[in-house]
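Following this message is one structure expressed as structure tokens.
Chains here go by letter, A, B and C, matching the order in which they are written, and residues are numbered from 1 within each.
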Amino acid sequence: MTKTADVLAFERNVTKALDDGQLRRNLRSAMTTLSQRRRALFADVEAFEKLRTQGQSIRRRALSRLPELLEQLEARCTANGIQVHWAETTAEANAICLDIIRRHGAQRVIKGKSMVSEEMHLNHFLEEQGIEALETDLGEYIIQLDGETPSHIIVPAIHKNKDQIAHLFHDRIPDAPYTEVVEELNAIARQELREKFRAGEVGVSGVNFAVAETGTLCLVENEGNGRMCTTAPPVHIALMGLEKVVEKLQDVPPLLRLLTGSATGQPITTYFNMITAPRRPGELDGPREVHLVILDNGRSSIYGDPERRATLQCIRCGACLNHCPIYTRLGGHAYGHVYPGPIGSILTPQLEGLDEAGVMASASTFCGACEEVCPVKIPFTEILRMLRNEAYARGESEHDVKGHGYRYTTVEALSWKSWALYNTSPGLARIGSQILGKLGQHLPMIGPLKEWTRTRIPPPFAPKSLHQLAQERGLDDDR
Amino acid sequence: MTANARANILSRLRATTTQGSFAVPDAPVIAGLALSLEERIDRLRRMLETMHAEVQVVSSSAWLGALKARLRARGLNGLLYGAETPLGAALEAAWEDDLPPLVPYSESVEQCREQLFHIDAGITTTRGAIAENGALILWPSAAEPRLMSLTPGLHIAVLEAGMIFNTFAEAIDQQAWLQEGMPTNALLISGPSKTADIELTLTFGVHGPKELVVFILT
Amino acid sequence: MNDPFPAPIPRPGKVYYFGTCVIDACFPQAGLAGVELLQREGVQVIFPQAQSCCGQPAHNSGFPDEARRVARHQLKAFARDYPIVVPSGSCAGMLKHQYPHLFAHEPDIEEVQRFSSRIYELSEFMVKVLQVRLEDRGEPIKVTWHSSCHALREMAIIPYAKTLLGQLKQVELVELQNERECCGFGGTFSVKQPAISAAMADDKVNDIVQTGAARVLSTDCGCLLNISGTLGYRQLSIPTQHLAEFILERTQ
């Protein structure tokens, strides 16, 4: 069967990831720890179930009024002095950032962690324009030093162990001594970045929640780099996907608890940073300009379909990654796109098109672990199934996902038609099972059986099927 | 470009297909914590300490002495404070020569950036705290600017015990955040800065303060 | 005594039995064991010969039309109003929870919902509806347990299976370290993503080995096919067995 380009690329990545024993050990230990911490925080299962129903309700309430809330957010922010920009594409969002940076004659941008900026490939874009964009979150800093992208949406350098980071720091940071002591590595990064915070000209951050009611941008972090980026430079640019808006200030506390608890098992992060305005008259610090860039990049097309809309409930906690048996074995890079794991597998094919990323939807056994832990109850398996259907749906498709039908081949379609015929024709099935019973142990190892037997012995086809045995026992009909 | 983007995005969002519905489930009623003052103090203290903050519960009359005892002989190069606050006045009145010099944050950051990034300690008031998650509430202001609790390696926070709320939601409600209007910046702080980005090993003292000392005044 | 699992329906005289295609082809003895456990409780078991597959392979692989065709065929084969007992959490999940999704926009959705409401996984049926009490006649044995994901999450029937296992007094259950983790089967996933599937199966087998158990039990033969296939490939001689077969063997 011919394989599509995305499938081939993924297979290469998978092989590489699975062969990397160090990577697998690093991931396994980290994901186990994160899952255990989360479970400890939400030990009261009943209370957690209530809380996540609340989270689901808040997110769905916000999405059900999304256009109004975005307008309200814009109006409140504007009234507070925050300048709001809208971008349909990542190219537009990059251009907006560049324009702001250029207007201030800035050369150095300091960045807090933002997945939307990864989606925009902002660092790369700015570098091409001769502007230094420095990641300041420790994990992001580590991978930027190594020319990598995040492998996890919450702990971006989780694929590396401390030895690897020790070598990296020693090799890439001038005068950095070689050390494998985590505290010392941390101190090296602190030392390096302190001067950058002092001298940063523009700070860039993401947004965890944007409150429409008050025009407040909320940011969750532990290191203080996020506060630095949003407080020390004269200009702050906040980047958000358009789904991040919530209706009310009182929606924030439950979501905050769900976010930090699901991500790392913390009751709260060290800092919860709520920004409502640029520096006001009389105030002595804080940026004089705050810009909010609201990015679409395909989200509005997801929004248009009520069944796909649940994808936008996500609060980017990463719990689905931590609990995914596939992510746990591959890490984020193998997925080949910015958002990995279950959330990546439902979001990316919708943002970038099935022909680009449809294979991600096949990276699931439908085990449901993601759904079980999701703090806002995203119906992952339903959306994954819908994407698989779309991948084969030619012509007009029910959900009109970009690139639908890309995976259709006559051979595969015919084989499923034959399967259906076999399973709806008792006579045919009877003959088939007799053949299987006689020849099952001597089948040629081709097609699925070839894949199966790469690492397994062949299925033990029984001489007589249950159908036959049941008939012999007279169980057949309702008399 | 931007004007078009806005219109296009909003019109796409409004062009939702009518088939299929997007149900909003009812949010269950969740009873928040309801602790006594003693319990709130105790829980806050425990949670802050778990996150490596140092907490001292002390009477309003004795706290300055406790502060001085902590700072004496630490060799700090200065204590950043807000001169225009009642806390500032109290510090000035009680200060002694063998303590790190009091440094007021009285000029804009553009004038004193160097100093802000080099001073060892800063002291701020708090607007309250949250027992449930162990966080202090800070609303930085003109009198106590934002960087005071961020750039110094040691952040000292002063909290009135009566301002410890059960939950974040309760604090928002009882302190009337909505009615009062949100400040430029509101913060929850639950400890000294930390990271677990290397092998999930928790280490304290990253880009924000390395130490957080909280005086809970009873 | 307080019953932790109150019966949802009165004890029926007759039930349908949905054998599943994996059991049909590879593990018919497990299927028969389930039949005998039901008959032993005085329930008449009807096995419609027209039955085939629940349709899950197509449903999970992007071919909903084919899945619906096969599903409608089952609707016809199990036309009367009897409870339908299924010796698999995964197939039961498909019949009970996925059919209503699959037919959400179809004209026969109500018929499908009625069908789905009659589905019971075998151990669930034995505990909740038949309230069986087992008497262990076997030798002491140490076993471990594999929870299939659909039995665990979609059907949530693991408590029933473990209730039955707990009634076997000579059986010591040693749980897996990662019991809640998928074994990597995933139906067509195992051949569409063979490398990932194999890595998961390998880890599951390692987990099984470290328990020191003499047997691996489960409610789901799909998972067992994957696990026993991997055990066999690695030349490890730990037998796998469907719970029904194990129970029957020890209580005769």
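Here is the rule we go by: contacts are C-beta pairs under 8 Å (C-beta built on N, C-alpha and C of every residue); 3 or more make two chains touch, one makes a residue touch a chain.
No experiment lies behind these values; they were computed from the predicted model shown.
Visitor: Looking at mean CA positions, which chain is nearest the middle of everything shown?
Guide: A
Visitor: Which two chains meet at the most C-beta pairs?
Guide: The largest set of C-beta contacts joins the chains A-B.
Visitor: Whole-Å distance, subunit B centre to subunit C centre, using C-alpha means?
Guide: Chain centres of subunit B and subunit C, defined by C-alpha means, are spaced 53 Å apart.
Visitor: Per the centroid of Cα atoms for each chain, what is the distance between subunit A and subunit C, given in Å?
Guide: One centre to the other, that is 32 Å.
Visitor: If we count contacts the way the header does, which residues on subunit A are in touch with subunit C in the complex?
Guide: 11, 14-15, 18, 325-326, 329-330, 362-369, 371-372, 382, 385, 388-393, 407, 413, 416-417, 419-420, 422-424, 426, 429, 433, 436, 440, 448, 451-452, 454-462, 464-471, 473, 475-478
Visitor: Hey, which residues of subunit B end up touching subunit A in the complex?
Guide: That would be residues 1-2, 5-6, 8-10, 12-17, 19-28, 30, 47, 51, 105-110, 113-114, 117, 132-135, 141-142, 145-147, 150-151, 167-169, 172-173, 177-178, 182-201, 203, 205-209 of subunit B.
Visitor: Could you list, by residue number, the parts of subunit C that touch subunit A in their complex?
Guide: Spelled out, the residues of subunit C in touch with subunit A are 14, 17, 19, 21, 23-29, 31-32, 35, 45-50, 52-53, 55, 57-64, 66, 69-70, 73, 80, 101, 149-150, 153-154, 180-182, 184-203, 225-226, 228-230, 232-233.
Visitor: Tell me, which parts of subunit A touch subunit B in their complex?
Guide: 26, 29-30, 33-34, 47, 50-51, 53-54, 56-58, 60-61, 63-64, 66-67, 70-71, 80, 85-88, 92, 95-96, 136-139, 142, 155-158, 160-162, 165, 182-183, 185-187, 189-190, 193-194, 197-198, 213-216, 222-225, 227-228, 231-232, 234, 242, 249-250, 252-254, 256-257, 264, 267-280, 282-286, 294, 296, 300-301, 303-307, 309
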